[in-house]
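Listed below are the structures to be examined.
Common to both upcoming complexes is chain A, partnered first by chain B, then by chain C.
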Partner chain A sequence: MSRRGANKSGTRSNETTAGWLFTAPALIILGLFLVIPVLMAAWVSMSDWNGRGSPFASTVGFVGSDNYRQVLTSEGGLQARDFGTAMRNNFWYVVLVVPLQTIASLYLAVLVNRKVLRGRGFFRTAFYFPSVTSSVAIVLVFLFLFSGSGAVNQILGWVGINGPNWFADPRGVLQLLLGTVGIDSAPSALLDHGFLSISWWEWLAGPSVAMSALVLLAVFTTSGTFMLLFIAALQNIGGEIEEAGMMDGANGWQRFRLITVPMVRPTLFTVLTLGLIGTWQVFDQIYVGTQGGPAKTTITPAYLSYTASFQQQNWGQGAAIAFILFFVIVVLALVQRWVLRERTTVSRRKRYLPAQTGGGQ
Partner chain B sequence: MSGSTLAPTLDGTQDAVRSPRRGRISVDRKNLLRTSLTFGVLVVIALIYIYPFLIQIATSFKTDADATASPLSLIPETWTSSTYVTLFTSDLPFPRWAMNSTIVTLVVTTGRVLFCSMAGYALARLKFRGRGLVFAGLIAVMAVPGVVLLIPKFLVVNQLGIYDSYAGMTIPLLADAAGVFIMKNFFESIPASVEEAARIDGAGVFRTFWSVVLPMARPALITLVILSFQGSWNELSHFVVSAQSPELYTLTKGVATLASGGLGQAQQFPLKLGAAALMTIPVAVMFFIFQRQIMSTTEGAVKG
Partner chain C sequence: MNRTLSASAALTLVATLSLALSGCGGGGGFDGESAAPEQEQTGPVELQVLIGSSGPAETDAVTAAADAWADESGNTAEVVAAQDLNQQLSQGFAAGSPPDVFYVSSDLVASYAANGSIEPYAAEMENADDFYPNLRAAFTVDDTYYCAPKDFSTLALVINTDSWTAAGLTDADVPTTWEELSAVAEKLTTDTQVGLTTSTEYQRLGAFMAQAGGGLVSDGTATADSAENVEALNYVKSMLDAGTMKFSPDLDAGWAGEAFGTGKAAMTIEGNWMIGALAADYPDVTAQFAPLPEGPAGPGTLTFTNCWGIAADSQNKEAARQLVEFLTSSDQQLAFADAFGVMPSVQSAADPWRAANPEAAAFLDQADYAVAIPNNEGISDVVADLNAQLESLATTGDPQTILDSAQSNLEPLLGS
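So, the complex of A and B:
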């Protein structure tokens, strides 16, 4: 620092030029392909551009919020129904994947982090490997594993379960469960009212069997990455606190709940946020594996935005869906932030005593 | 506590000699039991994680009928290499896909490593007007979810006239805000004295960067190479929106067409899984070479 001070006058202007030169390539590319696209899409989402020629040509008309209205309100007919269905599908996907992958990755991290464990490296590698391979390759493997006479159904057959034809089964899991207790037709209150152009009964269907297989795929591929984050956090805790907890007579579950979880809370927050953002963007798996089928039960907003634009040439709507999705992700991330912060203060107070004993070794 | 008096006799004398405190012994026994239980659980989970890949490889050497009849077995009834023969000699443009993937990956990785390290260096070391603004801009850019940009990216690529070309497939991927942060964090973690000495000796900023700073940044550069390689090799959605002609299919896009009925009605699982296995090899090799490095990268990336 002192050297730079001595040299200051000579290098200042030099450094400004260099600074801009050094950052220019990255800035130009990010600006050109991240910032300008957003502005351009904002225009397209309010236009009737059909994909031919430039969206800025004089033949392209301004339609205001029409595209948004067609997607969000019932006047849009099929498009609005598709969007509602996509939101329903993705909602259940998020509701299942986020908690499952968080629990799975934390559990794996706790297991692998034991000091006395033989072959730690091997286990870490095994759990992380699915995360580095291409989503396309994994989807192909899952299509095979979950096919009608595939490996998963064969294993289920050992315990007498007749597995479904996973990726071809549009039945909602929740409605299947309701069916087993005798509820197989909807009360009219649920049929007559709804949200985003589909009835509450359709929302209540839960993820389809096909979507459930994609949920398992997501947990399989992401738990390794998040496990690494948790391992890093656990290593920061160190063994002493754990040992102190042991001395105080806390059993395994108590130590996990009262020491480990509070200490990895920042990482937990990161994993939940990354999970939430990631799961609302599911695209690859749908594009490769199901193309939205069976019976549209695996279309997601991201995939719908792609098909609306590239297949139906309805670019305004595709762009509008992308913006709505963006909005949903931002709002949910903020809501989650708020919810988790609230709970942190409450539980700190509640766990004041045990945390003190754990920390005061 | 009541069990502790009984424990020494059951545990053998060794423990009793090693730990004079009697309470310890029952804890040790419990630990042993728990450790072996954990180990068992881990083995089962590891099997769940690894077995799909073993099935993938085994199935690629099976016949179609065998694959459907015994999807779980790891030993083909009759070994056949017809999957691989088909992939490399039939009209299926598999080698072409592999070539495209290689080109795109090499270009993107080179570009990212260069541009991200330059920008990261400038943000970490050079004091220039507007640095705060650049930094804030990068953070904002990182916050935009990628899939939301699919349609927008196409719009710009199309407008620039580089749709359906290698340029359209690679240029938008050449810089990556997360990579800039990794490099910035690294440069901030190493002392500035060496490069300052070089600067005082009269080397210009670029010269210093190229021949003094970059060689020192090897660990971070390797990290960046791994992330870029893996990212661009596995990239699918950007290629979906930036090109359409079959000559420009990458492995991800080409193999995806196999999944979605590019083979007609037949299931042909051995062929699909063989293709999937082949496209995994480069990333897998990378993974096993740089295992330790990879295991610690994710941490750095998120901290950034």
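So, the complex of A and C:
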């Protein structure tokens, strides 16, 4: 806003109109293609619309929370168990992918940001390449790499490991690990109680071997994108700060932990948030690669929402799953925001002067 | 003043948005039932045909047939091969402008019947009695026969003849009972080859249930946990335990046909699509097709079929029915069989088909007793869950437990 506008109220009102006028295209497009469809989906999730004709026709009835109860409570039977399984699968996927891809991308960014590195441009391009490749193509390549006699198992064979038939193996990784220490049957406390219609023992199965391969795929494809964000952040850290750290006698790891990481914290927040949202919405790898198999260990809420709607004609339930997923993402994003918030006070242990507060950065 | 201005701006925005919304309504998507006018058009009509094609051969054959009908009747018919048939159909139904004629698989016919998307036209067809009764049953929901089966497949035993002779077996050894099947599977199992393979799904193992006299649904009640079904799965498990049978994922194959074609298995249980698949992908493999062996309750196999659905919202239902009559006529089905290897769904085409495909007669010989997958609404979820559990049959899975859980999933569907 120019100073002239602040002085003369008449011009200011013109500017307000102009402002609305200029933002109108964006607002209309957002409204038409985002807000209205979301509201329509919200209605569908509370209706008994069956996919024929308009969801706002007089024949479509309001059923309240029926669709939500179908997937959230045990009265839904198979549907509720499928949803529980999908949440379990996706939970482990998120728990593995988000930290791994964040660490991998930060590591790659630090690596290619070093001034002494020869051929930096080459490495940056190479690491970024998976991000610009079609995810369908990468899924297909992974299906070949991780087939029973594929390249991955051949390499594992060199070191004497008999690799699993990755995309056909429904065994849970955590239960496999527990099996190696002799725990191969569940205590009844875990079998009899559960969450979202599946028992705690099923939650504890961990990601299946097939899902683990998809975790690797996700880390491989997204690290490059996030590496780019981290490079931008790293380039904003002045060389003199690094030098100051050196003068104070900090070694490489200390400089990374105490200077680099705090300085890229806003980017870290972005990467974690984007990662959290993206991983909870995983769909295309499942749709192209596994179709939910083996033994339903790769169905995710997003994929379940699709199959419930388009294959079973259970549109209300599909929309309900989508909204539950939306709330899960919002809640987790808020939790993560709270965990990563900027502390305005410095903890007592880290203070240089006993009485002084603040000014930690 | 500033506040009133923004308020008016907000009002303008709301007005614009609601205009946009009502604009959508005018487009026909959101204004209720008016999108489904009942009157038939007169004069030449344009039909939209949406097919889930197996490949260019099928698309070309159906297009040629539709063009032939168009020339004959003076109408036009445009054939489109769907990328994702269910999704594109759903979009059409929701928008009130579905294609006129399309493929519907037997497990989805009940869902489309329940929401009134498809027209029950099939009983009025001129050649209605010519279709196999068990195929008609596959498209009958609550005693209404909805749509005409376009063709069908059955499962048969596919035998690699080279392995067969190498194991010292002759034509007289082709198994006709479960005991004989186990015996030849054992003889055919070598260090590099397993006797029998198939996939871990009800769509294959259900044939054993049929041979034992079982099934998921009989007379409208859930019978997934019947003693016959347990017996069938126990029999399969006995071969798995003996190592004479392995599921195709355990042979590192995408499907059983691949395991068979690459020589990892000497026999498999697959449908008549194997003929085309072998010719295209494994031309060096010579195969023989035999009816599935009989179980304790006699012969049994599964059949798979799609029908020609006609949309209830179509404005040209009469013309669409004529097109379907043309496409399901004996001559036209024989042309399809020739082009992309399906079996005609009408009995009058059986003998010409046998004459043209003597080596594949086993598939058609089983047509009379082949059973279709139950078509109750929501059954595909139950079958998907059963399939997920059948994957454990080779390792820890217990037939009774697996079938009990299928039963508990099935009962709510049939009760309601």
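Following the convention adopted for this analysis, the second predicted complex is superposed on the first by the 312 of 361 C-alpha atoms of A that agree within 3 Å, B and C clash if a C-alpha of one lies under 4 Å from a C-alpha of the other, contacts with A are read in each partner's own complex, and residues count from 1 in each chain.
Please note the rule applied: contacts are C-beta pairs under 8 Å (C-beta built on N, C-alpha and C of every residue); 3 or more make two chains touch, one makes a residue touch a chain.
Please read all numbers here as calculations on a predicted model, not as lab measurements.
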item	value
Contacts of A:S58 with chain B and chain C, given as first, second, both or neither	second
Which superposed partner A:Q313 touches (first chain B, second chain C, both, neither)	second
Residues of chain A touched, compared between chain B and chain C (which is higher)	B
Touched partner set for A:R118, first chain B, second chain C, both or neither	first
Which superposed partner A:F127 touches (first chain B, second chain C, both, neither)	first
Which of chain B and chain C A:W20 touches, first, second, both or neither	both
Which of chain B and chain C A:I36 touches, first, second, both or neither	both
Which of chain B and chain C A:G163 touches, first, second, both or neither	neither
First (chain B), second (chain C), both or neither touched by A:G194	neither
Overlapping contact positions on chain A, where the chain C interface meets the chain B interface	12, 16-17, 20, 27, 32, 35-36, 54-55, 147, 149, 309-310
Chain A-touching residues of chain B, taken from the complex the two chains share	27, 31, 34-35, 38-39, 41-42, 45-46, 49-50, 52-53, 55-56, 59, 67-68, 71-72, 114-116, 118-119, 121-123, 126-131, 134, 137-138, 141, 144-157, 159-160, 171-172, 174-175, 177, 180, 192-193, 196, 199-200, 205-206, 209, 230, 233-234, 236-237, 240-241, 251-252, 255-256, 258-260, 267, 269, 272-273, 275-277, 279-280, 283-284, 286-287, 291, 294-296, 298-299, 302
Chain A to chain C touching residues, read off their complex	9, 12-13, 16-17, 20, 24, 27-28, 31-32, 35-36, 50-59, 77-79, 81-82, 147-149, 165, 168, 170, 292-296, 309-313
Footprint of chain B on chain A - complex, ascending	3-4, 7, 11-12, 14-23, 25-27, 29-30, 32-38, 40-41, 44, 54-55, 108, 111-112, 114, 116-118, 121-130, 132-145, 147, 149-151, 154-155, 220, 224-225, 228-229, 232, 246, 252, 270, 274, 277, 280-281, 283-284, 287-289, 291, 302, 305-306, 309-310, 315, 318-319, 322-323, 325-326, 329
Of chain C, residues touching chain A in the complex	1-2, 5-6, 9, 12-13, 16-17, 20-21, 24, 29-33, 35-36, 84, 86-87, 90, 93-94, 96, 108, 111-112, 114-117, 249-250, 252, 312-313, 378, 380-382, 384-385, 388-389, 391-392, 408-409, 412
